[in-house]
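One chain, chain A, appears in both complexes that follow, with chain B as partner in the first and chain C in the second.
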Partner chain A sequence: MKRSWRQATALFGGLAAIAIIIGLPFWWVVTGSIKLPREIIQRQPTMFPHSFTLQHFEKLLQASDFPIYLLNSVIVALFSTAFTVLMALPAAYAFFRMEFPGRNTLYRTILLAYAFPGVVVLIPLYGLFAKVGLIDSPAALVIVNVALALPFSIWMMRSFLATVPREIEEAAVVDGAPTTTILVRILMPLIAPGIASVAIFAFISSWTEYLFASVLIVSDARRTIPVGFAGIIGQYQIDWGLLLAGATAAIVPVVILFALVGRWFVSGLTEGAVK
Partner chain B sequence: MSKTGKGPGKGDKIVKLTRLFTAAGFAALLLSGTAYADPVKLTLWHMEQPPHRVQRMQELLDEFNKGHPDIEVRQEPQSWGEVYAKAPAAFAAGNGPDLLFTIPDFTTVLKKIDAVVPVDDLAKDLDAKHGFVPATIAPYKYDDHVWAIPAYNMAISLWYRNSALKNAGIEVPKTWSEWQAAAEKLGGDGRYGIGLPANKQLYTDQTVYSLMVNSGAADIYKDDGSIDFDKPETVKAYDFYSKLAKLSPADNASWTWGEAEACFASNTCGMILQFSVINTYDTQAEGDAADLGVAAVPHDDGQKESATISYSNAIMLTTKDKAKQDAAKVFLAWLLEPANYGRFLTMEPGLFLPVTNDGAKADSFWSDKVVTKYKPQIETMIANSQNGKLFGFTTGKVFPSIGAISAQNLIAETLQHIVVDGQSAADAVKAGQAKMADIAKK
Partner chain C sequence: MARLSLKSVKKRFGETEVIRGVDLGVEDGEFVVFVGPSGCGKSTLLRMIAGLETTTEGRIEIGGRDVTGEDPAKRGIAMVFQTYALYPHMTVATNMGFPLEMAKRPKDEIDRKVREAAKVLHLEQYLERKPRELSGGQRQRVAIGRAIVRQPGVFLFDEPLSNLDAELRVQMRIEIARLHSELNTTMIYVTHDQVEAMTLADKIVVLRAGSIEQVGAPLELYENPDNAFVAGFIGSPRMNFVPATVKSANGNVALVTAPQAGLAELTVTTRGAAPAAGSDVSIGIRPEHFVAADGADATLSGKITIVERLGGVSYAHAQLGNGDMLTVESRDAREFSTGVETSFGIRQSRVFLFDKQGRRV
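After this line comes the complex of A and B, so read on.
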């Protein structure tokens, strides 16, 4: 379809406006992190830095435990992502293909669990983890993150499985392939974009999780970025440069992840959306 | 005696020697047991998370642990944002800390769940030795006990630039009418005469209460525990605050401490109410000590002197283990020794104020380079803090509902009804009274 110049202008104008609205805060944070402290807080904010310094990053990496928080976050997020994907895939397949009593009810109930506010279970969960010695353990965060991400991941994964023609599975069954082989050898490659989408969803959920990480982790050396970073910033006296440098450093792993699998993520979203 | 009755025989000697060696062996075992016994381990939770504070605390702990081989104190920094939920959960699960930093309303929360141990004797001894500033220990003295040992004080003051006042031809305001006139004169040309918050947040609670104590509305409870918020003095404070809020930046409804400090440091706000701006002013603004002005919060024209809000931060004993309690008392006594105490306070120089009389004179405090540079300002801050009060802790009686009133920021919420919703001060205070009374009933 050919657009008129008015339509094209409106379209690009709209896209540019959206890009600015989304991109401006990132620009502000990233450029602010390399400005001198006085420029950051000056009365007339500068869109482009008039000064350049890496002092905030130096302070972040040398005088704070940020590198430890970063490592903890990466470990927790990677394990959470791996377990979420490993559990969501067979669960979604079971809901999609297998026949068992109460399948639809159970499927809907799982989604209900996703809507359940986490704060309600915070204190009971603390008591439970304390009993089994999981307080102050990254394993506790992985368990919580998987539990939080799994319902929606199963729902997403089931939608992706629904895009695979049944004939492909039937052909594999005719050739004598067992269920595990069908899932691993046939379906997994076909819904790879969907798996990437679920993985990114699980990774970001874990990366940004604050509530449980703030309560279940006690020692400084085991904190993840959101919690550790909140402490670095301070309450009464804020070091704005440190805050901006930390925010910039915190988004780097997510940006790298998107750079690697972003294309799959987008195609995964569209494939999952249409049957 | 030998069986024959002729004095000690060979067998008796062997028995005696055996007994002697056995006794000596036991003694040696006991002694070696003492010498190599594990130290009493204490876990300290504090909410001083910024890296430089954690580092200073660790330096102090290392020094203490080295000098006291039988005690080992370990820090676990927490956040004020979560500790209200985290600490009760930790105590319920049996893995709470042995020592816990606190502010007055947090103590009421933990006292309610029986997690706090009174420290009457220690407080008495330390008071006799160092002399607590009365305003700092008063919020922890109720129900016939002392519930925490004061550690450092924070009091709100009025901050300004001497040059700005001089250029505007005005004196440091002492009364509300002078204050309003100064704020009006300092504003203009893209600057605001004053920067006061109007957020539903603790900072606004603090700044509003700073005005309430200066209009005679310091007590929000009556002796019987009923709410005493709705009175002409309170309405007067809110009414005046709303006038000053109009002279503040328009985004003040989202401010916390950091935004106000940035506004002052960037010279956008002529005056602010803050615990301290020294660190930010020194590192992110001019850093000219001679130009930084600090004064007591101005008082209502009808009042005689200024008061302020002060937060006495303290340390609670939260272990039921007797050996740990004794060890914790040794640590607390060590911390308040003037030689150590100044270094504890200067973990955040220019913010944490001494709670003891000898701490206020300690070389370890005044020798810090930031404290030295801003000595006149810090002396003024200390003087202001002597007349500090805290909502809910002014009558000598403490009622548990103050925890919920504080947590729900009802003082700030009342201000928002005026500044954001456009209600009159009288109506907003009336609504605030009703809400507080509801909480007090529960």
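After this line comes the complex of A and C, so read on.
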């Protein structure tokens, strides 16, 4: 399609505005983490750093508990992601394809659970975990994260399953493939982008989860990054440089994840299957 | 290779009955085609034979074995879908070998059978490709290959050619006919294309609204249809139906008249006893069965509104006195001219008589 220069200007102007709105906070955090403390707190803020230092990162890695928080977060997020994907896939398939009494009611109930604010169940969950001795354990966070991410993940996975033509499954049934084989050998490769989306969603949900991590984890050595950060913000003073360096470092695993999983987002996977 | 028999097979979706008690026997090695308009239940019936739809009532037997409640994979059938339904992430070889892999056959046997099937279908040089790298015709051949390697007792085809373009469809039709004569396996083929039905079938099953209207060899259905539906469905362009009245009846000979179509009187031999004088009937005559008006047993006349000249043949569309349209085929294009009141000759041996309910009399 040929655009006039007016349309083109409006289009690219609009895109640039959106990019700036989204990108500016990140720019601010990342550039702030390499400024000297003096420049960070100076009255006239600088868009582009005038100074350069890695002292905040040095402090972050050597003088703070950040590496431990990072490790805790990675462990909790990876397990949460793995369990979410492993449970969402068969659940979504069951809701999508299998016929059993109460299927629709159950499906709606699950979606309803997603609409439920997490804070409401915080106190009862605390009591529950206390009884089974899961307070201050990363397992508690994994359980909570999976429970919170599952409803939406099932819903997302189900809509990806709906993109696979029915005949492919039927062909597999005629070919003698059992349900698990159909799921693993046929459907999983075909909805790889969907699995990747669910994985990223679950990972980020866990990575940024603050509320439960702040209540269920008691000891400092088991804190995750969001809660750990809160510790940097002291009552009387805030080490902005350290905070910004920590925030920058916290983005890194997510970026790595996108780089790894992003490769699965290949379009046209089902091309050539039907028609 | 196997016989197939359906005994009072019924299918209901909730309250709606989509297959209303079908009885059918298919001999070993026979090529049977299910035809009918959309929604007649032909695909549903095929899917019931495959086991992809449950059977509400009745019995399905393949090779003398009751398979009504059996899993699709254990019925000894293989199915080729309209949309090919290939596994897009697997190579042609893996696609074709998949059913054998599921049956836990040894790898060298799978390889050998895939190679054999590929040879039959001229797919040898594509074995390592993915389906998306193939043309429509090649994809359909892979789907057929996946069916062949299983060496099923019955092949089921669900409109396998309707996604292909016209030229390829003709090629694949010949290919399927060749395959049937080579493999000599029972094949059941669903189509709405009556050319496919006529050319491929040993036996055609005409379905309407979930019931069988007539079963027979292609020419049998063409020459001796049981009712107006079958008569209209088989043959292209479709048969003309002209409303008429019985003037007199004597044994199995009826004298009919249709003044509004310019038909004074015509003697028709009926199948059984001729309908009583005064009954409303319709005469059926195929476009290709009109003859020159001179020397014909009788004539119909109408005003030609459109002439389609296809080269080899021409079709005249004429309007009768009652407003009905008549299609007439001719080998000679110059015979017809638009806007002219014309008489079209008919021979009594080529005329069918149907009663008001559309039953052949």
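In this section, the second predicted complex is superposed on the first by the 261 of 275 C-alpha atoms of A that agree within 3 Å, B and C clash if a C-alpha of one lies under 4 Å from a C-alpha of the other, contacts with A are read in each partner's own complex, and residues count from 1 in each chain.
In this text, a residue touches a chain if its C-beta (ideal position, glycine included) is under 8 Å from a C-beta of that chain, and two chains touch if they have at least 3 such contacts.
These numbers come from a predicted model, not from an experiment.
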| item | value |
| --- | --- |
| Touching partner for A:Ala19 - first (chain B), second (chain C), both, neither | neither |
| Partner chain in contact with A:Ile135 - chain B first, chain C second, else both or neither | first |
| Touching partner for A:Ile123 - first (chain B), second (chain C), both, neither | first |
| Contacts of A:Pro165 with chain B and chain C, given as first, second, both or neither | second |
| Contacts of A:Ser214 with chain B and chain C, given as first, second, both or neither | first |
| Touched partner set for A:Ile232, first chain B, second chain C, both or neither | first |
| Touched partner set for A:Val173, first chain B, second chain C, both or neither | second |
| Contacts of A:Arg38 with chain B and chain C, given as first, second, both or neither | first |
| Superposed model, chain A: greater residue contact from chain B or chain C | B |
| Residues of chain A that lie at the interface with chain B and also at the interface with chain C | none |
| List of chain C residues in touch with chain A within their complex | 50-52, 71-74, 77-79, 81-89, 98-99, 102-103, 130-134, 136, 139, 143, 146, 150, 163 |
| Chain B - residues contacting chain A, complex | 49-52, 54-55, 76-82, 85-86, 88-90, 92-95, 154, 190-191, 257-258, 261-262, 265-268, 275-276, 279-280, 283-285, 348, 351 |
| Interfacial residue positions of chain A with respect to chain C in the complex | 165, 167-168, 170-177, 181, 186, 189-190, 268-275 |
| Chain B-touching residues of chain A, taken from the complex the two chains share | 37-38, 40-43, 63-65, 122-123, 126-127, 130-131, 135, 214-215, 218-220, 227, 230-240 |
